[in-house]
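Just below sit the structures, each encoded as structure tokens.
Okay, so chain A shows up in both of these, paired with chain B first and chain C after.
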Partner chain A sequence: MGHNAAIFYIITLLVYGGVDALACLGLSIQFGVAGVTNFGFIIFQAAGAYAAGVLSMPGDSANGGFQSYIAGLDLPFPLPWIGAAVVGGLLALPFTLLVGKRLRGDFAAVGLLVAAVMANLLVTNYRPLFNGSAGLSLVPAPLQDSFDPQSTGYQWGYCGAVILLAALVYYLLHRLTESPYGRTLRAMRDNDVVADSLGKNVLSLRLSMLVLGGAIAGLSGGILVGFINLWAPSGWGYAETVVLFAAVIIGGAGNHKGAILGAILVPLGFLEASRFIPPFGSPGLIPALQWVAIGLLIIGFIWFRPQGILPEKRRVNIGFVLPGPQRPERLPGSSTKVATLCRRCRVPPGPQPRLRGPGVRCFASTRVSPRFHPNTGTAR
Partner chain B sequence: MSLLLSSISFGLITAAVLSIAAVGFTLQFAVTDVLNLAFGAVMIVSAYVAYAINSLGVSVWVGVVAAAMTGAVVSLALNRGVYTPFKRRGISPIAMVIVALGMTLILEFGLQAIVGADSVSYRLNQGPNIGLGSFRFSLVQLVILSLALVIMTAVHALLRYSRLGKAMRATAANPSLARNSGIRTDQVVTVTWAISGALCGIAGSIFAIDAGSFGATSTDLFLVLILAAVFLGGPGQAYGAMLGAAIIGLSTEVGAAYITPAYKDVIAFVLLLGMLALRPTGLLGNRT
Partner chain C sequence: MLEAVELTRHFNGVPAVAGVSFPLVNGRLTGLIGPNGAGKSTTLAMLAGTLPVSSGSIRYLGQDITAMPAYKRARRGLVRTFQLASEFKRLTVLENLLSAVPSQPGDSMRGALLGRRYWSAGEEQAIAEATTMLERFDLTKYANHYAGDLSGGQRRLVEIMRALMAAPTVLLLDEPMAGVHPHLAREIGHQLVALCEEGMTILMVEHELSIMDEFCDPVVVMAEGAVLAQGTMGELRNRSEVVEAYLVG
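Up next, the complex of A and B:
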């Protein structure tokens, strides 16, 4: 029994870690890469969890009708998870109003934060939607008709599926971030006015990121609710978003590996560390101190190491100025700086004799900074 | 009809508490460009200081004075110790909001670690009910209303007729121009944080009086109302915040009477989001 309990504990840790990693990846592409500060991130995860719940549960007259909720479609396995991602993505659409270029980024962030508080209030008070403050319980585990959800094999399978999905999402986001589209997103994050003036549709880019991050968050919620089988408003207060932000900032905003590291360190690490602290003080003391610690970590990291543990990759864009009448007399930056960059910057392999003769100058720019500072209009 | 009247009288009380808080919040934003989301946390810390004094057997109104001083001290420390150093590093407004959220967690849950998770109430006598025309207020409610009126008049006088108020308006409009014109903007910012912090402390303690019982996280939802009032009137606009507070206070309480109390804050939320989406500069702000 002790052995089984240990295995169950490890599986639970891995599933939670995978779910947190998914959520942090969604926030990493929104906040770290595109600079969309979604303080309402948790409502997307919650929406996914509720969607997966009511899609997989039977009608609300089941089990004596002690819960009331909408839908109750009793759909087979992959559909609730897909539905969770779709609902998470669609939920982003109303927030189009907040992410246009007219609204300051911090005002939009406050709007989203308030939306998160209000969504929680609504779901808590309006019982017919998702059973009010008691929340949904007895949410079926995926494929529970074919397998025994209590068996170790099933649980290892669940855990494997979560980690596989997290790895897949990581790979997709990595490809997206390295693509020209990712470069556009970073340009928008670093200076949205410049991106706008270069003809990039800032509203559409931000909305796409809200939808993509929302879908990932929704999926993470759907996976979580399939594992823990219940979901209630007390589990998704606005402060949970702050935990995810702490994870992304500590791991390294703009670096998806950092987001995963942050997910392991902050939500998972904190949850688990508190299990091993011998209980002291009044019952609520340790959770309260945990929140204080998260606040201190956020402020400490923004002050001492704003780039996080794993900083965003420094991106060097190399260009060449060929000799000729159109050659500028002075390159931006002092000549010594160009020289040092010239030694370090790597010219792509292959025969390029024309690019290495006298009169050819190589310049490199490290425009994209490791720190997050949209709206300042400067690169540091 | 009596339902309407009683809901309006509740709305007036909410608006009174809200106006003090919203003016404090908007003044901080005006002179430092910081959306101080830790405002609600400072409110509740001040309310607990008033509680500590009240539980010694001293009148709660002495506690309100102590809360005002606490709010001023904590706000000054917050600006000096956290926001100004971060500003000097040139961090973005977004990162500043994240820092403010971090401070909210530290203050609120630091307080909860000390006082525990149980709700507490002040010991005070509501006093006799007094009829004012068709309205009926308790004595305490009348004190809250008149306190708000006095404070709004004082803020108006400060901003309009004093050198300090002129310097504050100049600093809010253009800090570098104000500095070049010989205004000591650092001092103006410090004084503004002290004044707005005192307003925050007063708002916190009378919020606690009005709410009856309160805990360390009670102001989370009230912060939403403050934000709604501030954004409705236009961020940084003191008169806008007063107007916004009146609209939010009355509409939420009248709405509570006719719809259902559980959703009264949703009205504030809808007004806030609508304002952000349609006119981010607020009712009294300049069009940009």
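Up next, the complex of A and C:
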């Protein structure tokens, strides 16, 4: 592999990794945090990709009219990416019916899966929509009029933009998850009927999560189609959703860092590594075995380590006694409230006498800190 | 305060509750007893909005709330607990309590995105309330434990505390003493009476008659989906139909 080819390969991996991380983050907030099992997740990414495609492409009479698709608005960057996120989010609205009060949990998941299959069949067989099974090609790269998309500089820039967007989405989702709103989402995940009876509008929460996750998935699709310049139904079958679920489960459902790790390990790492397996058996055997391996990975993790590699962290309040061996101690005469906790709550210098034995509350209610810190204890 | 008027509920044509009517007395701990299958939990679920009614109506604070969804009833102070322990298993005890606090600034997507500075004051106040509640029920040392890791009785307490954190005007308790140590059950009973003296109205489904004897007044007896009798436990013990249907049945 030549130098330029190696750089291109690395950039491609990074872009794919960023796109997969975005998609897994979208699924992480839906499934890992809010408990909405969206087996139709891939159609939101596909919708974003198609939206970005037809928003950035000229009318379908261009290029000899060999393609047939709607819109063709020839919009400049970044409108196609914004449009991708908006379309991904808006697509969630009709699916509210599937995750509403009448259809919940596993039934809603199956409903979404069927919707994904139907959407794929529709796009494949109705050519005027997005050029049928052949899909869209010659999708313009962002800013291709100003820069050369084939240049290394452009590709590094593209890569940087993807990683930056993934980091921004991670930051926003982290902010959501570690707030009272995130706590409500996790409560809904654990028991939606009880959350409802405590004044939480479960339908609205589910809709919000479908829209948010859909917008993130749509954005990831828009970014991907701008990089690979084509998009076809064969690339977003329902099985692709399984890969994303595998990533989130293996990385650690409910932990956004786990979702990113899963994106690196499964869609990127695992599938990429299997490309280097020497060919054997009949043609198509290795790709088929990839799917078998993905399935076995999911089963294995659900069986042996359901919390994933990076489990969801317990949110402990530093004003109270911690469960297990890590117990906080109060420092008499000190304004510092906690002596021994997680890495962020380091023990200050100086003498640290133990006040009372374990199992004793550390602080009066008026002195309880409102800050939650994830400790190193793992979720069950 | 809260009144059930001719409530009925059918499951595939089979009546579970048939024409139940009773008002809840303000500031009192009302008991609801009856044999298994009498329709107590179904009635409570209809009052809370968890189950829709087949017919009849529910009035709360002078308003017909029959068609109002459960979450809106809870926001207006009509809060329930469940027959089976229903803690949020993967939330800590403290988080369980905080999850019920109404109108928190950070409990919306906008509020959450505005950041900790926007909602930390409200959160601190909620934690202070939760701390008081944990002290009241002597569960402070379990604040950072996952609720799913607690014993059955402790989980019951978490559920009751959580319902109280929702600032209810009317509290509907479905067998809150089930699985709780008798000594602790009496402690809970005293706490509930104290809450009623502070102005809360409580309806409690319970099987333990000694609890009813000691804490509930009045008591509503249901049998076969209908209200059989109402009164104090002393009065009910003298009613032959009650004795026949439940007390010795």
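Annotations
Definition applied: the second predicted complex is superposed on the first by the 313 of 380 C-alpha atoms of A that agree within 3 Å, B and C clash if a C-alpha of one lies under 4 Å from a C-alpha of the other, contacts with A are read in each partner's own complex, and residues count from 1 in each chain.
Here, a residue touches a chain if its C-beta (ideal position, glycine included) is under 8 Å from a C-beta of that chain, and two chains touch if they have at least 3 such contacts.
Since the model is a prediction, treat every value here as computed from it, not as a measurement.
By the touch criterion defined above, A:121 lies against chain B but remains apart from chain C after alignment on the C-alpha atoms of chain A.
Applying the stated contact rule after C-alpha superposition, one finds that A:62 touches neither chain B nor chain C.
Contact with chain C, but none with chain B, is seen for A:193 once the two complexes are overlaid on the shared chain. In the superposed pair of complexes, A:105 makes contact with chain B only, with no contact to chain C.
Of the two partner chains placed around the shared chain by superposition, neither chain B nor chain C is touched by A:10. Contacts of A:93 after superposition on the shared chain: neither chain B nor chain C is touched.
In the superposed pair of complexes, A:282 makes contact with chain B only, with no contact to chain C. Residues 380 of chain A touch chain B in one complex and chain C in the other. Here chain A touches chain B in the complex through residues 35, 37, 39, 97-98, 102-111, 113-115, 117-118, 121-122, 125-126, 238-239, 242, 245-246, 249, 281-285, 288-292, 294-296, 298-299, 302-303, 306, 372-376, 380, going by the rule given at the top. The touching residues of chain C, when paired with chain A in their complex, are 48-50, 69-72, 74-75, 79-80, 82, 86-92, 94-96, 98-102, 104-109, 111-113, 115-116, 119-120, 122-124, 126-128, 131-132, 135, 140-146, 148-149, 162-163, 166.
The touching residues of chain A, when paired with chain C in their complex, are 172, 175-176, 179-184, 186-187, 189-191, 193-202, 208, 212, 254, 312, 314-317, 319-323, 359-361, 364-366, 368-371, 379-380.
Residues 35, 37, 82, 85-86, 89-99, 101-106, 108-110, 112-113, 116-117, 216, 220-221, 224, 227-228, 231, 235, 262-263, 265-266, 269, 272-273, 276-277, 280, 288 of chain B are the ones that touch chain A when the two sit in their complex.
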